[in-house]
Amino acid sequence: MGIVIQNIERPAAEIVAGLGQCGVATVHEAQGRSGLMRPFMRPIYAGVRIAGPAVTVSVAPGDNWMIHVAVEQCREGDIVVVAPTSPCEDGYFGELLARSLQARGVGGLVIEAGVRDVRDLAEIGFPVWSKAIFAQGTVKETIGSVNVPIVCAGASVNPGDVIVADDDGVCVVPHGKAEEALKNSRAREAREAEVRKRLLAGELGLDIYDMRGKLAAKGLKYV
Amino acid sequence: MGIVIQNIERPAAEIVAGLGQCGVATVHEAQGRSGLMRPFMRPIYAGVRIAGPAVTVSVAPGDNWMIHVAVEQCREGDIVVVAPTSPCEDGYFGELLARSLQARGVGGLVIEAGVRDVRDLAEIGFPVWSKAIFAQGTVKETIGSVNVPIVCAGASVNPGDVIVADDDGVCVVPHGKAEEALKNSRAREAREAEVRKRLLAGELGLDIYDMRGKLAAKGLKYV
Amino acid sequence: MGIVIQNIERPAAEIVAGLGQCGVATVHEAQGRSGLMRPFMRPIYAGVRIAGPAVTVSVAPGDNWMIHVAVEQCREGDIVVVAPTSPCEDGYFGELLARSLQARGVGGLVIEAGVRDVRDLAEIGFPVWSKAIFAQGTVKETIGSVNVPIVCAGASVNPGDVIVADDDGVCVVPHGKAEEALKNSRAREAREAEVRKRLLAGELGLDIYDMRGKLAAKGLKYV
Amino acid sequence: MGIVIQNIERPAAEIVAGLGQCGVATVHEAQGRSGLMRPFMRPIYAGVRIAGPAVTVSVAPGDNWMIHVAVEQCREGDIVVVAPTSPCEDGYFGELLARSLQARGVGGLVIEAGVRDVRDLAEIGFPVWSKAIFAQGTVKETIGSVNVPIVCAGASVNPGDVIVADDDGVCVVPHGKAEEALKNSRAREAREAEVRKRLLAGELGLDIYDMRGKLAAKGLKYV
Amino acid sequence: MGIVIQNIERPAAEIVAGLGQCGVATVHEAQGRSGLMRPFMRPIYAGVRIAGPAVTVSVAPGDNWMIHVAVEQCREGDIVVVAPTSPCEDGYFGELLARSLQARGVGGLVIEAGVRDVRDLAEIGFPVWSKAIFAQGTVKETIGSVNVPIVCAGASVNPGDVIVADDDGVCVVPHGKAEEALKNSRAREAREAEVRKRLLAGELGLDIYDMRGKLAAKGLKYV
Amino acid sequence: MGIVIQNIERPAAEIVAGLGQCGVATVHEAQGRSGLMRPFMRPIYAGVRIAGPAVTVSVAPGDNWMIHVAVEQCREGDIVVVAPTSPCEDGYFGELLARSLQARGVGGLVIEAGVRDVRDLAEIGFPVWSKAIFAQGTVKETIGSVNVPIVCAGASVNPGDVIVADDDGVCVVPHGKAEEALKNSRAREAREAEVRKRLLAGELGLDIYDMRGKLAAKGLKYV
């Protein structure tokens, strides 16, 4: 409680960028179906895909003080990930904080709580994935921590982990597995491109994936 | 458990199309306010209205195998309706399955669970009404059934029932009542057109529907 | 139960308009962080900001009769605020009632329940903040009251209170505090404009708000 | 809408009684894992297990009129099953209605809504499974139906189907499958008694069910 | 914000006691079905019925400082009613605060948030109705108010209003209407005693309430 | 995916026992208010307090195979902690598995999903904290892992961490911090015993904790 870790390791920029190109569904699959946040985490506006190293923030309920502290720890391309110590939907974040993060090149915010000024955030192009949209203000009374391990929306996040977020939700790639996850993601994309071609040509998944025998063995009856 | 019914009766195409023109709110009213799915069933993108005969799919939680089986049973204009045997928000469906259904002319998907690749689905124009958007992958281990009676989001659905879906939600019209529902829907539209004209002219519903006497009889006081 | 108050006091139009320019987040802050409705109250389409005096309606679950009664009590610029006496998500309101309210110049609807015909409502430009989108029809059997004090989505609303609503949600400004709330809102906007300039120039909130000493005093450690 | 079916077929009393001895978890398994209501259906007091033929009631939200109508249709041992046409938690049922049902020998109530007077219901020993406990009163204005097919808490219920309810929830056995379900339930109980003996003796499920080979084949690694 | 009202008017003790004897369901009905809190407010242990004047407390999320302030304002028989300014389930209250309130003769706590030490609270016999049971601790950093009007679980509460709470939930009787509510409650109990006798004798509500004609007029069909 | 760690470190038995005596609320406070699971984790019967080292289990939705695998890894006094890879309320666990765990001396189960046979579990005295009670059966098709790090109900759990559970919920004490947490818990109990004495004597928390000056400094007004 009450710690700011100033130096965190970030993965190589080209790996982060690659994961961002692949997107949440592919990356989640490519790393063994792990790291996904709960489905209540939704983008405040559609059509954006981002990726970047996590700067983690642990905050008290109804208290956004530590987000101000976290700003200073951010670098170009980072993504701020905020989790309250108990469930809270208050509006921790709005347009002014977004301006401050944009001034440092931060790519977006992921927060298991509420945000406000959402029309302004859309207009200035600062993407946010949150649990709620709620104007309720917060205080600055209780300290928390920056760049410690947190659990956000059911997923473990360590500082420097790669966050990938798009219209499907938010996925966390552990720092040490980012390279492998990218390789697997690319391989998965290649396989899917093959399958896509065959499906567009009218072939059935039943045949492409050779499922008919297994279904019969399980006892499926056609009547 | 483990049955695929291959031949189902579908209502006449012009009745289905007519119901699609009327939309969910009108059709639901016209058949005595029945058949509506729960309000948590939301379109993944706005502005679409579809109608078509249901191909029903009963699936295990976290297992989308039977959707692959269902593809083969679909014809031009059908709508696939999926219900898990217990509550589940996993991402049963994504862009590849949508391609496969589009190749067969399927009009859309209704699923009391999650879907993923939602940006792709919007781009290729495959409409989905779901309980959640969630990238979580599923397995192919447990068989279920295709074209058996199911309960989806609180509504009974039999194969061949007409599904109507738009921005207001999803409504089920039993096959045998489709013609009558269309007739009643058209009559309702005509009545509403009359009322609309009078409302636009500034008349009050209180007078159009002759409510003042009934309100007084119930004891309403103006002060 | 069963009362319609016909004469309510409304705040001056320029105060209402001013509050509308400031928006929900600012007004909520400017009146001491009170009056906000719960975050489940969402606009049916994005990008609108409205303000107006409340015409309040207390309705039975699944019964929209009193909304018809309320129409007659509305004036140009009013906002109708509806709360059921017990939780209900039925579709109390659709396009026809919207036409009727538009004919009287009503600015929008706030309802702790469901609405339908949402595509039509977007097309004719009638904004609604609701708990749900649900086509389920309602009856006209049980009387309620118009322009009595209600609790809507957790907020107390008296007739004539100013309702401010935008993409951040809905805020209630008590009639007697509207002028002060506007003054405070304007002052807050001025302060924020100052801060915005400095943040865009790269200054940190930590320094602008002079937080470093207080954080150290609370025991925050940088490592 | 607005129909009371007066003659329904009920399964043989000894089959109903047998299913009641087996309980929800066993019966649900024995009929292929179907017929279970959603887990939000909870008993208002613990420790009771009942079974009986369903008298079904479809009611409007906030309106308990049809429960009064249903009383007359009940016989010794029946279970009343109530579903509102849209989600509602109002208190449809209390001590007086329970007295009336007890006077006719009814075994209990299953309702996808709220009940009240729960302390009295416990004292007079009238078991209820409900979605909520809520004192909110209801009206008697809108008719519904008795002994028509309904969907209650996600399960299809036809009049005369066997309802089994205990601390694990509520399960529906279709009338025509009651005998087979009982036979399968008894067989399952016998198998479980065997397994129980071996488990109490310290044997592992891994060995009793011969799982080790299958786990290895799936790739499970011990480290 | 930040006010403690020290002198509040309390209703006569015998009226409060009378309402407590009648209980939540009866009192709620007797005052026109108003004043009921949402059904998520549940007792932490069953079998208690209390009534007393409300000492209201408005608290910040995750901050129980003002409950300590409120203790001093309590008198024998009061009930403390706590509402956070935004939704929060933290454990604001435990055994030590209960001891302090018991030392002043307070009858119980109603809180739209969480409590902890629930086994201890049951053992010392201090009844609580809450939204959650949650051990999460709170801070003492932000002031709120005591004995101001609040909204708790959807109900308006003014200091001195009578709170009635039992296994059915929590009901608020406005101070000025307490006497009338008691009179109506007693009358209702008398009427119900009459009906109970007839129901126990086997008469039907259909006949006692003379419903058959009205049902036929609405179009109910027996088949 | 698909790993069973067979040797885990467990904390000393007397430390575990000590933490169990202190209980969830005290331990959670004593370790800096961390490690608490979400408030939806409730005991299936009241009045039990347990503590023990965690054997962690990661399972697929609707698939309890790995719980059978986990049994073999359990020792006297362990607590099994189960988290599905996506949200699921199915009944993963019942009386037979409880018998098997009891035969090995396991102290209880913590599961972010459903359980069944709850009356039997109460009768044989096997305590469970779960998200739901649900009879829905599960399959044995997909492997998971035993004794890997998991997130359960929002809390990080590593194998060998101490689980403390009682009527207030479930708390996780990291293995390496168990001794310090116990020391702090004992100190906290001693401090609370002091305060309790003074409260019972009628002193106010306002004075015991010396709050009056701080409240005045924050601007609290008594009127």
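Every chain is named by a letter (A, B, C, D, E and F) in the order it is written, and numbering of its residues begins at 1.
The rule we apply is simple: a contact is a pair of C-beta atoms (placed from the backbone, for glycine too) under 8 Å apart; a residue touches a chain by one contact, two chains touch by 3 or more.
Quick caveat, the model's predicted, so the values are computed rather than measured.
Looking at chain A and chain F, the chains that touch each of them are B, E. The chains in contact with chain B as well as with chain D are C, F. At the chain E-chain F interface, residue numbers used by both copies make up under half of all numbers present, so the two copies contact each other through mostly different positions.
Looking for a copy of the A-F interface in C-D, B-D or E-F, one arrives at B-D, which has over half of the same contact pairs by residue number. Look at where the CA atoms of chain A average out and do the same for chain B: the two points lie 31 Å apart. Mean C-alpha position of chain C lies 28 Å from that of chain E.
One inter-chain figure worth recording: chain B and chain F are separated by 42 Å, centre to centre, where each centre is the mean of the chain's CA atoms. Taking each chain's centre as the average of its CA atoms, chain A and chain D sit 41 Å apart. Of all residues in chain A, those that touch two or more other chains are 33, 36, 39, 85-87, 89, 134, 136, 142. Checking each pair of chains for touch leaves A-B, A-C, A-E, A-F, B-C, B-D, B-F, C-D, C-E, D-E, D-F, E-F. Here chain A touches chain C in the complex through residues 2-6, 65, 68-69, 71-72, 89, 91, 94-97, 99-100, 103-104, 114, 116-119, 132-137, 140, 142-143, going by the rule given at the top. Those residues of chain B that touch chain D in the complex are listed here as 1, 32-34, 36, 38, 85-87, 149, 151, 154-156.
Listing the residues of chain B that touch chain F in their complex gives 60-63, 85-90, 134, 136, 139, 141-142. Within the complex formed with chain A, the residues of chain C that make contact are 24-25, 28-29, 33, 36, 39, 42, 46-47, 49, 166-169, 171, 192, 195-196, 199-202, 204-206, 209, 211, 215, 218-223.
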